[in-house]
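Here chain A shows up in two complexes: once beside chain B, once beside chain C.
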Partner chain A sequence: MFIRTKMLLPIATVAAVAGMVALTPARADEAVKIGLILPMTGGQASTGKQIDNAVKLYMQQHGDTVAGKKVEVILKDDAAVPDNTKRLAQELIVNDKVGFIAGFGVTPAALAAAPLATQAKIPEIVMAAGTSIITERSPYIVRTSFTLAQSSTIIGDWAVKNGIKKVATLTSDYAPGNDALNFFKQNFTAGGGEIVEEVKVPLANPDFAPFLQRMKDAKPDAMFVFVPAGQGGNFMKQYAERGLDKAGIRVIGPGDVMDDDLLNGMGDAALGTVTAHLYSAAHPSAMNKEFVAAYKKAFGNRPGFMAVSGYDGIHLIYEALKKTGGKTDGDALVGAMKGMKWESPRGPISIDPETRDIVQNIYIRKVEKVDGELYNVEFATFEAVKDSGKTKK
Partner chain B sequence: MTSALTNLFDGVAYGMLLFVLACGLAVTLGLMNFVNLAHGAFAMAGGYVCAVLVNQAGWPFFLGLPLAFVASAAIGAVLERLLYRHLYARSHLDQVLFSVGLVFMSVAAVDYIMGSSRIFIKLPAALEGQIDFFGVGIGRYRLMIIVICGLLTAVLQLILARTRFGSRLRAAVDDPRAASGLGINVPQVFAFTFAFGCGLAGLGGALSAEILGLDPYFPLKFMIYFLIVVTVGGSSSMTGPFLASLLLGIADVAGKYYVPKMGPFVIYTLMIVILLWRPNGLFGRTAAR
Partner chain C sequence: MSAQAEVSRHAIRGARWRWSEAAFWLVVLACAFAFPSRYLIMADIARLALFALSLDLILGYAGIVSLGHAAFFGVGAYSAGLMALHGIITEPVAALIAAGLVAMALGFLTSFLVIRGADLTRLMVTLGIALLLEALAERFSDITGGTDGLQGIEMQPILKLFAFDIFGKVGLFYSLAVLFLLFLLARRIVHSPFGLSLRAIKNNPLRAAAIGIPVNRRLIAIYTLSAFYAGIAGALFTQTTALASLDVFSFERSADLMLVLVIGGAGYLYGGLIGAVVFRMLQEVFSTITPQYWQFWIGLVLVVIVLVGRPRMHRWALWAPNLIIKQIAGRKAVVAVPESDA
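What follows is the complex of A and B.
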């Protein structure tokens, strides 16, 4: 009897909805659809693959039914081109009637979808893009990745406290690079540090040689580096080739450069690099060990911070659906997400109820060799770091 | 002062690399009058062949390099026979559309087969690091590039100027009709030249993986550099593109070092100035026809 009444309600709802909007085809099934828009091809494809893998892994582990509803993920490839993102988001919302849009490999992609999320009143879960302003562009945006301000301010503070006085900076000349640079500079100089050289590298940069030579000649204690994840390997190789490691110039920065995805291929030049970041595959918690093992087993390589952001993103969707009892009303869902706290493979995290941005621990890590492989080993923790890009306003 | 010399050295190495990558294009564009924008795709093919052989099959790096040349030359020869030769007589616009299409297909194919992330070729330890030469830091790898490319250039110039094949090629370019009337097999000469140019690009691709990075977008990213080399150098001889490559390499490195904010502008400014001053390139006469 109990089951029957529980079944009746959704059927009645469907019938009622079908009756009300007679001209449009009714939602025949009760599935909750999630439109996952990721760069699966192009230069950002590693981001897309990690997130897609993590979402698949989560759904394998937790089943595809939440609050009595089947969850269905529709994956679309935008190749990190914002125009595509917008078109795909629109198709997903209008044709597929998705309850969530999620993913977004780069900032412009997340921004392109923002007005659509606002208009359609559905949650936009940002699982990768890291510029501060994103969550301010729509009241329906919730982020599970990170902001560059989080790790850059922390590494700035850490550097001053640990005897690094003169720093030369090398950052890619685009929005996230500038974010990283400005937040680092702000905290580092406020603590009494000095920037002796500042170089912005063109985003599509073939050869780091001249920039690195400039760094070397500036003779800093350390160089602060932010380049997009894919260029980290090339950078570290040339850093070593030019002998900057032997000249005693350390590399510090937000952890993107030392992404777990690429770290092991960088060679021993990367040893000793200190970065601040939200996640390391070597994070010493039972939950993370299990996560890394399951991920490795399923996909044959290590999860990076993008994978964790995707894993937490889909978790957030599941939990929000549990709270609303399976209802896909956008305001109710975003309301349910605000202030949510949980234990992630990266450590304890929560969603800031005011900004809908992620609050998380930022770890200071050093590249070390563990069992013959390179890992970012965490040695200091800054707890519950908010996005200072917004709190300052 | 020492860092200025290091920069000069880096610039020369970069320029040499550009030359090996682009000289095949100088041949097809200048001598054969064919606009082959897909030139970078052959370079990429060579790079990936070398990477697969060295990283996965465990071949030594110095054996991978000639194989990169052979593989790209073979691909070039096949494509020339199957596709390119039908377009020799067509307008430049047709040739551009055709070769750009080929570029996009190569990008998608490599992305599909090899994945989109940047790959590196494992180098022997002897090529890593820098040598200190009277206080001037000299990268071993870059030194090797200069040696290989320098030798290649000399050999190329000799072939073109001194051998029978060289004179046949020059004759075929100057006047294909008269040349075939004299018994020169013009299509064969062109096919061979084309394949050789592709092979050089492949070698360049394999050499550049370490410095420029190798990913599926290589042909698009560097198309513009190749074109600059050819337009600035003019395309009537090998010397023009060679000097243009050196000039660009040094200017690019120096620009990025001394005025990092203006870095990417330097070479384009240089190109515009040179083209305004000498529209046919530094050493140009107009291409045949």
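What follows is the complex of A and C.
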């Protein structure tokens, strides 16, 4: 029993030391490095994959040099667990000397990295997480995705104007879900609507069946749904199985539930669903058509709103680098990003110089069949929507 | 020489410190100084090692299997988080001990469920307890913060002297100090008559009872102690990362812990420590090479480890050193691992 400790301990420790040495990377060279931290495994993996794909696509199209510097992306998997995110961000900053940290699939992950961005004075580009408070946590956070407030307030107003009086809500029980619920409720009830049932579903438990039964019993005109990207397919399947579509209960909500990469597999139950969102693969612009075609060609499926957020995120990094002439000074970079305006596949967007959050068009869309495939077809546009969810000063 | 004297002589010899153990801890300390850029992962390894030590106490010494050890880890983590958040106990060391005690109380209460029944029942009961707590934490999200976790935990300086820094230096040395102190305690306990009686129970509970060992009381005691250790590991997690969310209770955490002990070997205290190092390094290496499919490679390596078997790996690891020893000191000095151990 005791003999093994004699030789094994030193050997194990020597092996560990060797491992550590092997993992400590060589000195940083002249390249600009971007630490991309995404959930590549686990429940949020679809978000990570879309963003990773979009970043790869952008770099294929635009080359990997900008302002005379080579751009290198270092992808890390945090599985959407915040303590992983924090550790990876710290290692990227200290060991790899990255000039940017980017990605962040979920709000807790983005928040966990915020103090590091502040301390190290490195821009943190949020490409997915959608809670309003995120950009307030560090002056170095810039967001290219969206906030739930942007689309939820608009769908709330739309519902009131279009004769929907009673709504039951089903939202994922975490910060973005609560944001979506609160902003929808605020605008919907202010316009005279009534919430008849309010259900919060666990984020990690995508079995919607028992909740859907409660929705059905409440007999609302429509149900307001927010589930994160990737869970919409499962939701719609159970929605159809429980016969809610036949009971005449429509689905409305922010567009996360009708994510483009899953939409086509949802079947006809999804037809007629009205959502407000920042991006549809059917957005009728030449730039978007080109983007969708290139994405489909490279990865075999449709880009969703996470992909477009990643695409714009890497674009923002490129443009900021151009402005600073390749210098990776954090303050200069964030300064360059503030107020930047450009045409994205989703339409015209800009970075709010005050909040560093995205300003974008929000479209009201209805699921329709186009050439035999389901698409979110946009029919109304709200231009240059700012995030209304910031703390009132 | 009487049998009793023989036993105590053997026990005392077993409890003596060996040079290799001292070397192990020196290397650990050297690593902490040698890799200033990797504090966080080393702190992570130290926490996992402490957690594995806790499972080793019950699995390796008392033969209690558990698939729900994350329950105590989670309770410790949330206790420490809530104490810091609401300013109940702000000094980290005091909070650490308090969180350990909370987990210990839970361990004591649940130990009565666990000592009933055999291995399979125990797996189920421990798993059930962890799932139960996870569901409770999710249900009472106004207290626990639910999936978003506890937000805004701010840690006070340790002993009012050392403030936690963002790059984890203080966190690492704090974790290592806690690990080392608790390791000393565990080492003392397993080599005490109490520890020896646990081994007797592990080998044959019936015979242990027949020679007058109070089997159930001993099992309750060690299970409670193990819960304390796990609670401390959890509290360390919260204190050094300033995070606590639902995944502290997750099944993966308990399952990973089993893997750590499978890799390192149970029943000699260092198993959890070595296992934690190897497991995290494997994860780190594979997820660096392939961020998307690293789980596949981890799985493959684990299967290979189990198929090859630890004794054979030990022989391979010892082959080169033995060759050298043979040259210098002759055939007799060759080091080997007894087959029955692994």
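Basically, the second predicted complex is superposed on the first by the 361 of 393 C-alpha atoms of A that agree within 3 Å, B and C clash if a C-alpha of one lies under 4 Å from a C-alpha of the other, contacts with A are read in each partner's own complex, and residues count from 1 in each chain.
Operating definition for what follows: contacts are C-beta pairs under 8 Å (C-beta built on N, C-alpha and C of every residue); 3 or more make two chains touch, one makes a residue touch a chain.
Please read these numbers as outputs of a predicted model, since none were measured by experiment.
Set side by side, chain B and chain C differ in how many residues of chain A they touch, and the one touching more is C.
By the touch criterion defined above, A:P108 reaches chain C but does not reach chain B. Applying the stated contact rule after C-alpha superposition, one finds that A:R242 touches chain B and leaves chain C untouched. In the superposed model, A:R214 makes contact with chain B only, not with chain C.
In the superposed model, A:A175 lies in contact with chain C only, and not with chain B.
Of the two partner chains, chain B and chain C are each touched by A:P202.
Looking at the shared chain after the overlay, A:P123 reaches neither chain B nor chain C. In the overlay built on the shared chain, the residue A:G156 is in contact with neither chain B nor chain C. In the superposed model, A:S46 lies in contact with chain B only, and not with chain C.
Within the superposed three-chain model, A:V81 lies in touch with chain C and out of touch with chain B [touch as defined at top]. Within chain A, the residues touching chain B in one complex and chain C in the other are 41, 202, 204.
Only residues 14, 18, 20-21, 23-24, 27-28, 31, 34-35, 37-38, 40-41, 44, 138, 141, 146-149, 151, 166-168, 237, 241, 243, 245-247, 265, 267-268, 270, 274, 277-278, 281, 284-285, 287-288, 291-292, 294-295, 314, 317-318, 321, 335-338, 341 of chain C touch chain A when the two sit together in their complex.
Put simply, chain A touches chain B in their complex at residues 41-43, 45-46, 199-202, 204, 206-207, 209-211, 213-214, 216-217, 230-231, 233-234, 237-238, 240-243, 262, 265. Taken together, the chain B residues at the contact with chain A in this complex read 3, 6-7, 10, 14, 111, 115-118, 120, 128-130, 137, 139, 141, 210-213, 215, 217, 221-222, 252-257, 260-261, 263-264.
The part of chain A that touches chain C in the complex is made up of residues 1-17, 19-20, 23-24, 38, 40-41, 49, 52, 75-77, 81-83, 86-87, 90-91, 94-95, 107-108, 111-112, 115-116, 119, 172-175, 202-204.
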